[in-house]
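The same chain A turns up in both complexes below, where it pairs with chain B and then with chain C.
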Partner chain A sequence: MKTGQTDLPVLLPSRPPATPGEWGLSDASAVFGSRKVLAALVAFAVLSVAVAEAADANARPGILATVLKWTPLIATGFLFNLAVSVASMAVGTVAGVMLGLGQISIFRPVRGISWAATQFFRNSPWLVLLFFAMFLLPFEMKIGGVTVALPAWFKAIIGLALPVMANVAEIVRGGIRSIPVGQWESAESLAFTRFQTLWRIILPQAVKRMIPPWMNLYAILTMATTLISVVGIQDAMTLTRGALVAEARTDLYLPLYAMLLLLFFVYCYPIARLTQALERRFAVRI
Partner chain B sequence: MSHELGAPIVVIDAIEKRFGALVVLRDISLTVRRGECVCVIGPSGSGKSTLLRAINALVPVSKGSIRVDGIEVNDPDLDKLALRRKVGIVFQQYNLFPHKTALENVMMAPLHVLKQPKDEVEARARRLLAKVRLSDKEGAYPGELSGGQQQRVAIARSLAMNPTLMLFDEVTAALDPETKKEVLVTIRELAAEGMTCMLVTHEMGFAAEVADHIYFTDGGTIVEHGPPAEFFKNARHERTRAFLDQVL
Partner chain C sequence: MKRLLRIALSTAVVALGLAAPAAAQDTIAQIKQKGTIVVGVKNDYKPWGFLDPSGKIVGLEIDLIDDVAKKLGVKVEMIPVTAANRMEFLQQGRIDMIVATMGDTEARRKVVGMIEPNYYAGATNVLAPKSANLKQWSDLKGRKVCAVQGAYYNRRVSEMYAPDLVVFPAVPDALNALQGGNCIAFLFDDTLIVSTLSGGDAKWANYEMPLVSEDPQLWAIGVRLSDLNAPFGKLIKDMSVEWHKSGRLLELERKWGIKQSPYLIEQNRKLKSS
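This part shows the complex of A and B:
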């Protein structure tokens, strides 16, 4: 058989990494796992600006300068997105753990209702659930004679927490189910109650297996928080759009959205890396 | 082995177990007295494990009566926890708690179920691990132990509840010949000390040596039973002889 030369396009093996640069490239790539990812990131940013610059060579103020001008404002909005993501995750996790445990309840009605709720919220579009929550929850609530206003951001947190809840419920149920029945049997035969068995034997083992998918869900939720811009909340997405309206320059669309994407990427990618690392560490050892 | 046999601890009377249309146990009756060691042998799928699991209510029976030290097991109002405090069971697959050390495995049930004081429980757990010759493995996690060592920890874990009766469900079936021996030695010592034991096993030599009484089951019924000397030398039933010819 002939080997070696060919004029067909072939996939070459990747080159060995270049020596690290002197301005801390190696530190940054440690966070991002590999230099390839970092290089792709930089290339993406530069390209976005370059494409925009090329599209309108005699632009008024420099595009980079304009992007930098808006960055602090958009970053503030991004912090708001993060706050919403943390709050939704917290609410969704607490509710989801209860729903997940409900699915393994020995009481049939509890099991049925938990199962139905999980399936319903897991198979609904996040955006529709968000709208649903916005209109379902009232503007204000009377709690013991005190009228409490329900701001839009609060409703948005609840709206996003609904699908999170359903997904956490599945993670909890799956984690518990992944523990061999022998563990239940031996705990039962040592006269542990069902609650003790869950709390002392099953959950400590299952939680380890739940953490990676839970983190993965958090990363997905963080990216999904931009949905709240649709229901009129001033998040990073809304602010970016506002900046574009204020500037009224088509050449800014690409770079500004690229900047927004980068913000999310820089936050979510390390979570994905950490998730993978944990998955490897918790890989089943029996 | 021979010792003074006491009052009946387990009295099984005409139990039946069905899984749908499949009858797994049919009209089984047997008695285990205090201090007695009973072995149940028979081909795979003859219902031996189900019988053992029925005794500590891991498997509910469909008909008949099982009395364990005065507690009726086939009763909808059964206090399962009270029953299981009296009955220890050791499984083929050890089923140790992998997130706990050997010592913690032994301590867990007395600590959390019997609510005994920690220092007392710990001292007894150490004695039990010494008894199964694993004093040097107190801090080891199950994943770091051999099959035989894990099985001995499992035995110590059951003994920690001070059971009246110990059930062994094919405890050596997953072990290689060398580690098998350490486990069998442990069980033999227990039987010699007068612990009431019920074993399901495929180790005929061991059954012959340790049992006071042997039951042979096939197709969900007890085909015949007797003291080992008699049972192994002059089996009366054709099925028993065919089985013994195959395994001996």
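This part shows the complex of A and C:
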């Protein structure tokens, strides 16, 4: 990387040694937490089935058997939710990083627009944004004579990416702002350009601080993907409802939804633990 | 000169047709070219269209769609729709046909081509615990009544009898709320209430259908308005006549455990004799 056109003897930042495993966690159990949590989880599952089973006096096909019968289908729907969450997070992160950097731009208009966009999307209900994306985006689009179909799942990804974008923008802005101003001043005195300062000095430190809230946001987004069932997309929530309709048994209501809840919990809880572990690890004194 | 005029006119008609999606080319030809007919269906309305554990959609309406597909020699692609989006999907060309418990109303006829003869007729009633002691529709006034989002009878009932409607996204949620005592009755299609009550579930032993069914409503298969009098619409109409005449619909009712609807029996008799 070029360090700018200057004859001055400048001090280049030292490259941190790329040690593998620096990000890895030495303590794997930290991710899955104590055994207590796992035990509580299993107990919850057993309990919700047991309660329903006990309430069901007449011997129809068992609740557990019925729940298991529908599990593969609902799990497929759950994978779809995960795919939507990953895609929304990717789109939202890319857009959010740009918006976040825009907020610290030295050009006033860029700063203003970025700030306004962030505030708008951060303070709007997710479901309402999703509705806007579903009904404002056309069913197909003409791009240079080629008609591209915009399927519902694609629109849902955009709809969910909007609030994610705004939240990521705030994470990025906050992360950068959390680095003491002294670092900017020192870098400037060492003749680093603004871009160099940001890219080589500020961001490497700030990213570490952004990771935990970013992961937190991802977990929240994953749980929020069930919102897409409201706009008619066949996700895990819709399929669970479909299973309930097909069985036409009110005693399945809680067990089936409990199963769905467990799927999300098993996925999101480790993320929460990992976030905490990273937070502890990155609690660096600068 | 006359001939030239005719050509010009027909070109204009074709050009106009192009403006409306998928009308210029005959829909049947299009479906055959694709090799699939795309149909908007319900997947949360047992026994008309619902899921089986493998994720396939099955039900009475699906059997009708299979008949159409067999006739055309194509495969079926089913897109689950809701009352809120099915007509939009049809107009956009995302689906070729709606077979999704759609009530045939005057307002909808302006947007969707409704196939006649209608394949089913339902009426509105409520499912309520016997203890609620409902005698007539006006007893619902000011009381909490569970309903399902997007059902055509919600509006009429709330205008006429002013119940406090509690609207749920789908049938199981509403039934669960009824059992949980969140409302005194569940507003629904009468044949489905009969099916629920006669299903032998002990949970419904103390429930009844206390009112006189109201507002008979025909259900129709929907096609695009431009298809209604085109070959595609005509084909579906002919098939619909055949379904009534041959007793296919009555047979399907039995297959899916629906109470014999007087409408279907009457249509069967009428068309047979004609």
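Keep this in mind: the second predicted complex is superposed on the first by the 253 of 286 C-alpha atoms of A that agree within 3 Å, B and C clash if a C-alpha of one lies under 4 Å from a C-alpha of the other, contacts with A are read in each partner's own complex, and residues count from 1 in each chain.
Operating definition for what follows: a contact is a pair of C-beta atoms (placed from the backbone, for glycine too) under 8 Å apart; a residue touches a chain by one contact, two chains touch by 3 or more.
What you see is a predicted model; the values in this text were computed from it and never measured.
In the overlay built on the shared chain, the residue A:191 is in contact with chain B alone; chain C does not reach it. By the document's definition of touching, of the two partners only chain C reaches A:234; chain B does not. Contacts of A:65 after superposition on the shared chain: neither chain B nor chain C is touched. Judged by the touch definition given at the top, the superposed model places A:200 against chain B, while chain C stays out of reach. Between chain B and chain C, the partner in contact with more residues of chain A is C. Using the contact criterion defined above for the overlaid structures, shared-chain residue A:246 touches chain C, although it does not reach chain B. By the touch criterion defined above, A:106 lies against neither chain B nor chain C after alignment on the C-alpha atoms of chain A. Of the two partner chains, neither chain B nor chain C is touched by A:143.
Chain A residues in contact with chain B (one complex) as well as with chain C (other complex) do not exist. The residues of chain A lying in touch with chain C in their complex are 57-58, 69-70, 72-73, 76, 139-140, 230, 232, 234, 238-239, 241-246, 248-251, 253.
On the side of chain A, the complex with chain B involves touching residues 180, 182-183, 185-193, 196, 200-201, 204-205, 285-286. Those residues of chain B that touch chain A in the shared complex are 56, 58, 80-81, 84-85, 87-89, 91, 93, 95-99, 108-109, 112-113, 143, 154, 157-158, 161. Across the complex, chain A is touched by residues 43-46, 50-55, 80-82, 84-85, 92, 94, 169-173, 175-176, 179, 196, 199, 201-203 of chain C.
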